[in-house]
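By written order: A, B, C, D, E and F. Residues from 1 in each chain.
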Amino acid sequence: METLENWQEKAEVLIEALPYIQRFRGKIIVVKYGGSAMVDHELKKSVIRDVALLKLVGFRPIIVHGGGKEITKWVNKAGLETNFVNGLRVTDKDTMEIAEMVLNKINKGLVSMMEKVGIHAVGISGKDGTTLRVEKKLSKGQDIGFVGEIKEVNTRLLEELLENDLVPVICPIGSDDEYHSYNINADDAACAIASAMGAAKLAFLTDIEGVYEDPVRKETLISRMTVSETEKFLASGHVGGGMLPKLQNCVDAIKSGVSRVHILDGRIEHCLLLEFFTDKGVGTAIIADNEEE
Amino acid sequence: METLENWQEKAEVLIEALPYIQRFRGKIIVVKYGGSAMVDHELKKSVIRDVALLKLVGFRPIIVHGGGKEITKWVNKAGLETNFVNGLRVTDKDTMEIAEMVLNKINKGLVSMMEKVGIHAVGISGKDGTTLRVEKKLSKGQDIGFVGEIKEVNTRLLEELLENDLVPVICPIGSDDEYHSYNINADDAACAIASAMGAAKLAFLTDIEGVYEDPVRKETLISRMTVSETEKFLASGHVGGGMLPKLQNCVDAIKSGVSRVHILDGRIEHCLLLEFFTDKGVGTAIIADNEEE
Amino acid sequence: METLENWQEKAEVLIEALPYIQRFRGKIIVVKYGGSAMVDHELKKSVIRDVALLKLVGFRPIIVHGGGKEITKWVNKAGLETNFVNGLRVTDKDTMEIAEMVLNKINKGLVSMMEKVGIHAVGISGKDGTTLRVEKKLSKGQDIGFVGEIKEVNTRLLEELLENDLVPVICPIGSDDEYHSYNINADDAACAIASAMGAAKLAFLTDIEGVYEDPVRKETLISRMTVSETEKFLASGHVGGGMLPKLQNCVDAIKSGVSRVHILDGRIEHCLLLEFFTDKGVGTAIIADNEEE
Amino acid sequence: METLENWQEKAEVLIEALPYIQRFRGKIIVVKYGGSAMVDHELKKSVIRDVALLKLVGFRPIIVHGGGKEITKWVNKAGLETNFVNGLRVTDKDTMEIAEMVLNKINKGLVSMMEKVGIHAVGISGKDGTTLRVEKKLSKGQDIGFVGEIKEVNTRLLEELLENDLVPVICPIGSDDEYHSYNINADDAACAIASAMGAAKLAFLTDIEGVYEDPVRKETLISRMTVSETEKFLASGHVGGGMLPKLQNCVDAIKSGVSRVHILDGRIEHCLLLEFFTDKGVGTAIIADNEEE
Amino acid sequence: METLENWQEKAEVLIEALPYIQRFRGKIIVVKYGGSAMVDHELKKSVIRDVALLKLVGFRPIIVHGGGKEITKWVNKAGLETNFVNGLRVTDKDTMEIAEMVLNKINKGLVSMMEKVGIHAVGISGKDGTTLRVEKKLSKGQDIGFVGEIKEVNTRLLEELLENDLVPVICPIGSDDEYHSYNINADDAACAIASAMGAAKLAFLTDIEGVYEDPVRKETLISRMTVSETEKFLASGHVGGGMLPKLQNCVDAIKSGVSRVHILDGRIEHCLLLEFFTDKGVGTAIIADNEEE
Amino acid sequence: METLENWQEKAEVLIEALPYIQRFRGKIIVVKYGGSAMVDHELKKSVIRDVALLKLVGFRPIIVHGGGKEITKWVNKAGLETNFVNGLRVTDKDTMEIAEMVLNKINKGLVSMMEKVGIHAVGISGKDGTTLRVEKKLSKGQDIGFVGEIKEVNTRLLEELLENDLVPVICPIGSDDEYHSYNINADDAACAIASAMGAAKLAFLTDIEGVYEDPVRKETLISRMTVSETEKFLASGHVGGGMLPKLQNCVDAIKSGVSRVHILDGRIEHCLLLEFFTDKGVGTAIIADNEEE
């Protein structure tokens, strides 16, 4: 049975969130949504409600998502052949067509989930309003098909959506000068959008606990690094494959004016709220050299 | 070789468009895009450029499109079984998933084509901003799956996009109170949107020349009908299967305040411009009883 | 030691507040601040922080306060004589002067407390911008001095302050047509302001647990009454002295369009948050007859 | 008889105008209206409709006109004597009075013609809102009366008219510091206004085909010159009397930020449309050195 | 020599104006400018400065002027023949042309005078922005040429000018559906404009002291009449030729919502200020039946 | 008896004010209200009406007031002890409490007087909206209690009030970083506010005739000094006690961008109007070195 004391403790929790709410009011937060948090239904609902709360208390969230394993599933379903160049899958026209369909499906699914919790959202791709302009990305000089690198973010549509109190949900597809569709790495897209929008925060929902000095020793989890430290760490040669481009993205984002980048463990329920409304950091935060919180 | 006279004739054509431009300046025009105009590449480019011109001279176009034969193609590709109820295909969860993917692909493709001619467009489904709220549509009382009937159009997002000088491109998917996705007949969606937005015009791009009193006698093509005449015609029992719901939509739209509905032959290049900027009507216009142009 | 589970429970509390925040977003809430909550320092800080949180999550609070026992203290300090008419203290010119000084001091003290928690507040009296126009209030036909009854609320200044994201803190002094100062009952002022501003809620912080059917039997605490029930209850003749005008105020407020009036026990910490963000009602709510939450 | 093909050709003409419309949308275009285009009734109507079309498709035109031969006609009618200094007519007080009356009559006549084609226009002189401030212009040091040189353009009134979707029609009269009226050369006025308003284009409607390298050899018509080439040409000493100040004006305008100046043959119907909406240039264009179209 | 007391008396005069300024702040006042006040240079300057002061203290004046005797002078100068119908001069095309020129000259002269005292003014005719739409006015069924009767006042341009802090100076020329120019009686124009603009006051500057019950007995000057009294007076048959249509205009204006109409003696310096800022009425005021000042 | 001539003379007075009104339209004027002008009832009414007139003709006045002798009166009434440090009274907590009450009483009294003459005013202290942030001011290194020195003026609330056409009436209380109340010298507060708001004028109402070169020789009254001259004068060592900080304030204000500071004799009725609307200066004006009026 809930007693009055229980209820008052709950009220205290709300009060504790006060300074965090005040600090980030009106600020833009880009959430890169991916990994387990996109697969597990409970986690998915938890992320969506976390974003809803961020929105309601005054933050201005933008969601960027990837396609995870769904693209592969549908490519297989369609019985498409897959070619590799330098170990990378080539995105030919047919694959791109399927990728675009799957990403848009996921995109509108997230929109529905946001609407369901009462938050008006709009799902767009980087092609809408020419938001993401790309050029072909080569892999060691070789053409791997419709894989794009962002040249320019046109922020106009995003600004209008935010201005009108809507949450943009973005799938990482862009267009080149000929208006062909290109697949973009979702981490890259989130980073470029956070930089272009002058976001206060960029959070990556991942399937890891954060960055380790030495991945085999759990106790070496880094909870905070300055951008200089991150660059040294990158230069050290000890950063593993998947983490390297992500950390490089973090460095770029901070240098473009994003105040803080978070690599969060998306498998922990409410990791966004824990990070933003409490002193319990979950994961690794990359901060500017001169930042003092 | 072009002579000065040729050029001056061209200028005269522009001048002839003057009164039409003046009449519809700032007016909303909903274009239901479908049929051959969605398949033939030249026609597709022609429609897009027509809409671009309408936009540039001051109209505010909204495009609503269907999925044509592409959905069937992809359903087959995915090897899905198809069930029928009262002769109508049942849209089960898997079919709906594919339908949504295909419609979004077409949607973003149209956006790209608009952007290519320099017009900023945004592709949304009726789920974005809960624009189209639906309830399940039964076929003679029987459940045929995720086929929706529009209960409410929330115009807020569309108004914002128009306000910001963007062309909305809408695919006919809506959500019910549980935020599940439903397929909507594109003609119905166009009609509901035109009514809710107070459009001045609603144009259906079709694969027929217009409405015939007697379809087998080409000379009985009706170029203009009042809404009363249309209702009488509908009551006469002579209206064929495909045309019946479309004409009913026309009647509904006019009664909701749309000034004029056009059933255009989308196979004729520039049919939109011919209809709106010249005295050459192409197809059948349904007008209000008291309208005098 | 706080474990991850503790933190996640806290996050759950925030998530639970979601539907409440959504429901009242942008709504005006008038808080009549008085009684113990004005004396006990810890309670005072708790009320202020509750209001701050209400403000930050999107409510638009207005505080109306009385002078409590401070006026008496200062009147005594100044060695003023006190006259009574029908058992009511006469507010002569000197008493009014002191009352005004004391109320303004309390007013600016509340402003400081709000500013201290980071919320911009502005302390005004009903004389500023001629917000509260009064006429002399007689006690059974007898003049009891500068005691005013509100004739008109000029909402312009309050609207401007709210529009500019400021919290108005109002002391219950008004001016008559000759611009003399009059003391106003703070409950009356709160009720008149809530009505004129179209507030969604009006909350009285009191020193009682709520309204009892029978005050000597604690178990008869009424947690919710419709306005009709309240009127019947008032007509029953069982309502005690202090509660009668307050309940009458509640009835008037509901009839003027305020959706809900709360008589809260200000001695319970966070009573505002408990009432507005949880299902734990503390005190008595008066609701419109047709209201269904 | 017009066939469907004819109509489709017309539509193609509209489509051809698309890129031109896009390029100049929202841009200010100053049209110096004079010469035959002001006398021949058909040409006059053609110019007005051209300007109307420019307006409707999104340009923001400003018309500056002179008085042509009308002033002389009315001066003669009034039986005024004419004095000359250095071969220039002296504008004494009486002549100025008549000039002002005639210019205002022409001004309001143009306004009527614009209104007739459905474009809201406002006829002002440079005295309204102190738009054109002048000082006396001397001819080789000698006073020739109320002939003014523009010192300052106050753009406020013009900006307001454009902002309110109105076409300003301006007659070249200004006021000095004592608020006396002065006649201004209409070419100078058009140039000063185009510069001050940051016009994208300035077009002079003249009675010549354009600028010739050698006026006696029609084949030497120059269709495009950079501003440097124009300056060299001016320095060459080969530029004839009437053309010299006009070309100097063109150079000044380009240097003040006008992108392009056109000397058009106003005797050719629709010369404005031909120049702005087709690739058929009519006359001579002066462009900035670094311009690449 | 001015003493401190003299200066303080001056300050008192300003203070006396306080309640008048307060009452009419932001109100529109239409001044029909005519008669001696347009001829005598000192009076002219006095009127202009009065209007400037009205403007500066917060009124929004609109000036409507006639052409007085100048039109006749210029018609004679041009040696035009004059025809009469029912004793009224026929305004043929040539006469209208001259009238329009003269009116525009006077118009821009008033603009200059306003600008000279630092008030930004814009001189327009009723043709600008199609402000005054007229139809031909017949004299006992006979055509007397380009004499117009106002059918409609399009207030858009006037509202924009007022909005932008400019004083409109209007000459009474309108256009018919074919956009021909028509001369309008200036009193009629002032009355129609005051009605359409919802003016608080309409003041006629005349050459008489006001309305007399019996013109031969100066002591019968009426200083105030209600609209009913005015109608009775008009019905009495005692109202002389020139005054009759003016009084009829006054009645119409009051009935269209103008609060008060003043027939002022324009020969008295500062008659506008005397009327609006002091208790010294000069002339006759027509007020609504229910008005109590 | 008032004759027409009398009235016309009055009108001339209004006209004489024209250029002054024009010069200061929309400009901010800070009036430091103190001394006799706060005690004598007639003078008080005269000041208030002067400010009302300034407001109505377009100035934007801000009033800053002190507490004069009232604070001392109430401190005595409350029987508080007074301690001195370096000859300065120590403002302990109790004294500060009384000072704040008295200042707020005076503040709301001024608001009432403004409202009475029809001007909407809002009485605030420097604590509202954290308008005045202070730090403790020491007297030769010694703590003299709650006496504050302004560190920062937050102009947001003042700007909003002015924007909304309200006259701010400010009492000189500020808050430190802990949000304690501090008394501020009213002259300092007026100066800091004038500087921060970019006031055009700052006027001190004093009980002296102005600044004298030699106070014992009345004929040495200085009517105008440049800021350099004032600094030299301050450096000369001839400036008496009370005047020294005031002149230093004047110098600081001018250097912060206030165009002109006036030390006026508040005992002369309408001294504000005399100074601002006539050539009769009353008191001493401090002007910038490069100012030429």
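FYI, a contact is a pair of C-beta atoms (placed from the backbone, for glycine too) under 8 Å apart; a residue touches a chain by one contact, two chains touch by 3 or more.
Keep in mind the model is a prediction, meaning the values are calculated, not measured.
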item	value
Fewest hops from chain C to chain E - one hop per pair of touching chains	2
Identity of the chain that, by mean CA position, is farthest from chain C	D
Duplicate of the A-C contact set - from E-F, A-B or D-E, the pair where over half of the pairs recur	E-F
Chain A and chain D, separation of their C-alpha mean positions in angstrom	56
Centre distance in Å when chain C and chain F are each reduced to the mean of their C-alpha atoms	36
Contacts with two or more other chains, residues of chain C listed in rising order	none
Touch-based graph of the chains, sorted into line, ring, star, complete or other	ring
Direction chain B, origin chain A - full chain order round the ring	A, B, D, E, F, C
Contact set on chain C toward chain A in their complex	2, 4, 7-8, 10-19, 21-22, 25, 49-50, 52-53, 56-58, 117-118, 268-270, 273-274, 277-278, 280, 282
Chain E residues within the chain D interface of the complex	77-78, 97, 100-102, 104-105, 107-108, 111-113, 115-116, 120-125, 127-130, 156-157, 160, 164, 166, 173, 175, 178-181
